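First chain written, first letter: the chains are A, B, C and D, and each begins at residue 1.
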Amino acid sequence: MTGSSGMSFQDVVALNSSARLNRLAGFEVTAAASGTAEIVMQWSDDLTQYEGHLHAGMIAALLDTACGFAAVTKAGNVTASHFSMNCLRPAVGRRFVAKGITVRAGRKQIFAKAELFSENEQGDRTLVATGDTLMVPLDR
Amino acid sequence: MTGSSGMSFQDVVALNSSARLNRLAGFEVTAAASGTAEIVMQWSDDLTQYEGHLHAGMIAALLDTACGFAAVTKAGNVTASHFSMNCLRPAVGRRFVAKGITVRAGRKQIFAKAELFSENEQGDRTLVATGDTLMVPLDR
Amino acid sequence: MTGSSGMSFQDVVALNSSARLNRLAGFEVTAAASGTAEIVMQWSDDLTQYEGHLHAGMIAALLDTACGFAAVTKAGNVTASHFSMNCLRPAVGRRFVAKGITVRAGRKQIFAKAELFSENEQGDRTLVATGDTLMVPLDR
Amino acid sequence: MTGSSGMSFQDVVALNSSARLNRLAGFEVTAAASGTAEIVMQWSDDLTQYEGHLHAGMIAALLDTACGFAAVTKAGNVTASHFSMNCLRPAVGRRFVAKGITVRAGRKQIFAKAELFSENEQGDRTLVATGDTLMVPLDR
């Protein structure tokens, strides 16, 4: 599952299952190939902050994981060293979709960015946050 | 509990209890006054990433919450608009301590920063991550 | 030139001329409308770091200015509170093109992002850096 | 002047002189040792933005350079991959002092942070911005 070459979709699904928080929160990998990845999470009241919106920690978890899964399709296992996010709108909705993409996959560092969308009952999507992660490849 | 003036320690304890994720993860407010705050969380296998370290989303949750609780002691309720963090070392340990402090509490924006320490069985602390949050006061 | 409504292209050209560093470095506004802006700067040996690449401060100046000019077309005068950038590749070339776009222009805060391209003698462009700026409107 | 071991104060002074923008802006290295560095710059009307404050690009240049010079005392030559800053107050004054310090100097990555102070005619200092830089060692 690891290696200096990139992971397949099935590798990423397995990687997701190996992360306990991802299972607890119900992250589902819906796409992962060629430097891109998509994760879906259903709304859960357990994961909220004091106003009842999705907690900033979970917004970060979704964005960072989408960046990480995009990166592993290019570079095998990675570890994150810097993460930043902009919270644009209240994160509420029926479910959330995080889309990650690598911006540059270098030998020493990998840059990726992600967008988090909330989806309402009608399936309409709203961009609620953006993020980016800088990672170091582990297997090189 | 809200208001344009700052919250007391008891207010912050109540605010923490009102956040479902904070309860799920077991965040405990151990200090909150005069632009500073401290949160403690015991290790839990449920909150890990694929290597068995604390998940980046939980590192973010602890840092961002420490920043937020530092801010509310100065400014009442706030909402985060930007968050960033540096992951310095693997986040493993018996428990975690996050310390937040406001850097500037302005009328329109509040800047705070935080440090996350892991603690081993002997109680020795290691700095594992740093973060900073930019917030907007809600009640002004 | 100011006001709570957005600036025109001519307003942005005048704003650029009013900034001494922008004149010193030779920033030229080539587009500014509807939440987007583009700035061009010719290569100058005066603006380099120790290896002879464009200095990180100038990369920041170009990215932040592109974000700012995108924002003023939506919101009138703004001031930056947070800026971050990723330096993807050495910033060398015949000239540089920075493209900014607003991600969210709210009442209290404006989020924008930008890309910096270097251009070689043949006119081929390479993405060398990305950035994002969080701004506060001054006239609201 | 390069090498995997850290630079001396004289090395850093020479490094500063080798950067054209640093000479143009008048950066002076006033300290550099053991993972810390300090840079001083006199006010110049040439380096301002549209309101007549120090330009965000120059704030970034000072913060990033202070981080970089702190890092080279530990690790020899480095290159910056991520930079972020918070602009806390208008950057005006008689001169500016940037103080950098390494937070973690690892084998693959170096984390540093910096503070920028403005100084008035009486020599009183005000914190106007904070920043942090993630760097990669070049000689390892």
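Please note the rule applied: a residue touches a chain if its C-beta (ideal position, glycine included) is under 8 Å from a C-beta of that chain, and two chains touch if they have at least 3 such contacts.
These numbers were taken from a predicted model, which means no experiment stands behind them.
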Of A-B and B-D, pair with higher C-beta contact tally: A-B
Interchain centroid distance [CA atoms averaged], chain A/chain B, Å: 21
Whole-Å gap between the CA centroids of chain B and chain D: 28
Sites on chain D at which at least two other chains make contact: 81-82, 84, 86, 111, 134
Pairwise touch network: line, ring, star, complete, or other: complete
Contact footprint of chain A on chain C as seen in their complex: 84, 86, 88-89, 103-104, 111, 113, 127, 130, 132, 134
Interface residues, chain D side, partner chain C - complex: 15, 18-22, 24, 45-50, 55-58, 60-62, 64-65, 79-87
Chain D - residues contacting chain A, complex: 81-82, 84, 108-109, 111, 134, 136
